[in-house]
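Structure record follows, encoded as structure tokens.
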Amino acid sequence: MTTVSPVSDAYAKGKAFTEATNPGMEDALSNRYGAVLPGLARDLVELNGRIYPRGVLDNKTRELLTISALTALGGQTKPQLKIHVAAARKLGLSQQEISEAIYQMSLYGGMPAMFNALNAAMEVFAAEEETS
Amino acid sequence: MTTVSPVSDAYAKGKAFTEATNPGMEDALSNRYGAVLPGLARDLVELNGRIYPRGVLDNKTRELLTISALTALGGQTKPQLKIHVAAARKLGLSQQEISEAIYQMSLYGGMPAMFNALNAAMEVFAAEEETS
Amino acid sequence: MTTVSPVSDAYAKGKAFTEATNPGMEDALSNRYGAVLPGLARDLVELNGRIYPRGVLDNKTRELLTISALTALGGQTKPQLKIHVAAARKLGLSQQEISEAIYQMSLYGGMPAMFNALNAAMEVFAAEEETS
Amino acid sequence: MTTVSPVSDAYAKGKAFTEATNPGMEDALSNRYGAVLPGLARDLVELNGRIYPRGVLDNKTRELLTISALTALGGQTKPQLKIHVAAARKLGLSQQEISEAIYQMSLYGGMPAMFNALNAAMEVFAAEEETS
Amino acid sequence: MTTVSPVSDAYAKGKAFTEATNPGMEDALSNRYGAVLPGLARDLVELNGRIYPRGVLDNKTRELLTISALTALGGQTKPQLKIHVAAARKLGLSQQEISEAIYQMSLYGGMPAMFNALNAAMEVFAAEEETS
Amino acid sequence: MTTVSPVSDAYAKGKAFTEATNPGMEDALSNRYGAVLPGLARDLVELNGRIYPRGVLDNKTRELLTISALTALGGQTKPQLKIHVAAARKLGLSQQEISEAIYQMSLYGGMPAMFNALNAAMEVFAAEEETS
């Protein structure tokens, strides 16, 4: 009943997605973690390729979903949140759209989670101005 | 610098939003919790009115964000997740769109959180078929 | 520099506290868990005896603190929350005091955590009426 | 059945509470977040005004409840915990009362959450000595 | 630098592992979730095949690690915890080994998380006696 | 039915365990926290003595369980994770064994939790090379 993508397809789709949103990710992960966890970098690319390109939802919506979840989970996700805020910006989401997604989470994850995420996003926004 | 909605406005907007997505919510909350926590029902309507109708993001996107966050937070949010899945359906989101938002969360909240949320959503989907 | 209570003292204090707030706890735990985890029941009595009778804060305040924390942690703590709500009632805290502590947590743990805890507390309140 | 405070009342109460415990909060929030999230600063003042001045529990108790919850939620709440520890001190709570509330949480949120919170509180205590 | 298993290999390894610990899992997942999330069942088998058979740690140790993590995450993981406790039993771990892993988590996830997990494990243990 | 260790025994066992895995812990804790929380340092030694030396599971396995749980709980446990990674190394666990335990947690605590823990562990590994 289920249709399944072969791995080469999942890896290729994941590579296209991660290069578009987070260029150089696989090499960076491989260099950093390859000695203790061989395969992790490729696994992560492929895992992204099994989720984000499934269709039904577009990538901009999917990035907002990830940002909302990382917000609600709490400020310990700051490094990952910054990566996804930057990815969302690359996909064309505005600073306000991202900020609204974060603010809404105050209802579900509480105020501390919201403020910690908003501060992380604003670090990404501030870095944009420095490089523009 | 900030523009502020007066409370009557926030309450009215929240009432419109909650009646559209979760009809009868204020009365139900008031009847259930009014004796121990007077004001809670109206507070919650108004709070929804201060968040969801802010614009920038449309309500369908906002409901998906909430569903993603409740998924990532873990299966203890099941009662609230079911309410928001039903609200998302009322707003016109498909079962597949909701399911994809939940599945994506396996990357950020882990597999147990994803499966618990998916099971909650499927209870809502099954109830639709019974009443259709 | 630190002053230390010998174990017999911690156990005795914990026994007094748990019998006052949760009568029969040690025996119930011992019967239920003793086969797989010998010592757990006594450990827990003693652990309560090392925390709750430290002074500085009175027991009513300490029970409210526990209720707040269990609320913020999320609805999965329902069994423990009900035990502590019942303990708080035994110590003389009103239904409204307990409900206010829970409601305040909506700011820090989010609305789902608050509602799940409030529902748990109301089960305890309802059971009181049945037995009164 | 529920009695409701009009917004001006909630805002005024929240302003009085936040100025007493965290002076200058609204202006600081407005300056920092107003561009991406207009209204957030005023919303937060009003939200505090809807919770803390409800009565039933006094403000010192309420601050201890917040500190306990932030502790149990884990060390990612450090920025918010420091704000509330400072607020608790302004309201007259002793360092020992605050520390006892945190220590009790080791039972419910685990040792790592307790130690991270205790370290955050001690940063606030140390800053007091520097400014006294 | 990294050595990578092709997908067929990961799927085959995952199939062997899940059939040994949780027989019929892929079919059950496919039947239950295939309509809303095509591919999920196969993805999960493969994902298990990318993690558990990596070597370095044996499967009994890996199951105990999973049980500890599910315990610390809180009682909302009960359905998954029961699956992994049953898997651990199939791999030859004793009831006491599983219980000790859970009890240790009281230090890190708190008492409520520990008790909820212990209760879940005891449901699995009780079911064993019924079927033996 | 339960067999109970007297406190002197628990303290002595905890002292032996903590000195082997985290030398000087009690004195460090006592100096740092003794003024605000008298007894905490000794309590923690004794608590370790009530859990880790229970037998059934060996200490190397127990340290891996703790590392897995701290990973799944999220990156806010970084200070405690580093202490336990160092303890695991003292007990003879390899960098790869520790890394595999962390990587497995991506399935249960999500990718952000896994990466934050892996980064913490790698700080400990890097410090080893500097001192060797």
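Quick notes
So that you can tell them apart, the chains are marked A, B, C, D, E and F in the order they are listed, and the count of residues begins at 1 in each.
Following the convention adopted for this analysis, contacts are C-beta pairs under 8 Å (C-beta built on N, C-alpha and C of every residue); 3 or more make two chains touch, one makes a residue touch a chain.
Note that this is a predicted model, so its numbers are computed, not measured.
Among the other chains, C has the CA centre that is most remote from the centre of chain A. To fit its Cα atoms onto chain F, chain E must turn through 180 degrees, a value rounded to the nearest 5. Where chain A touches chain C, over half of the residue numbers in use are shared by the two copies, so each contributes mostly the same positions. Chain A and chain E have Cα centroids separated by 27 Å.
Remark: chain D and chain F have CA centroids separated by 31 Å (rounded to whole angstrom).
Of all residues in chain B, those that touch two or more other chains are 40, 47, 54, 70, 72-77, 80, 96, 100, 103, 106-113.
Of all residues in chain A, only 32-33, 36-37, 40, 44, 70, 73-77, 79-80 touch chain F in the complex they form.
Those residues of chain E whose C-beta lies close enough to touch chain F in the complex are 47-48, 51-52, 54, 56-57, 61-62, 64-66, 68-73, 77, 80, 94, 96-97, 100-101, 103-109.
Against chain B, the residues of chain F that register as touching in their complex are 72, 106-113. Contact residues of chain E toward chain C in the complex are 74-76, 95-96, 99-100, 103, 110-113, 115-116, 118-119, 122, 125.
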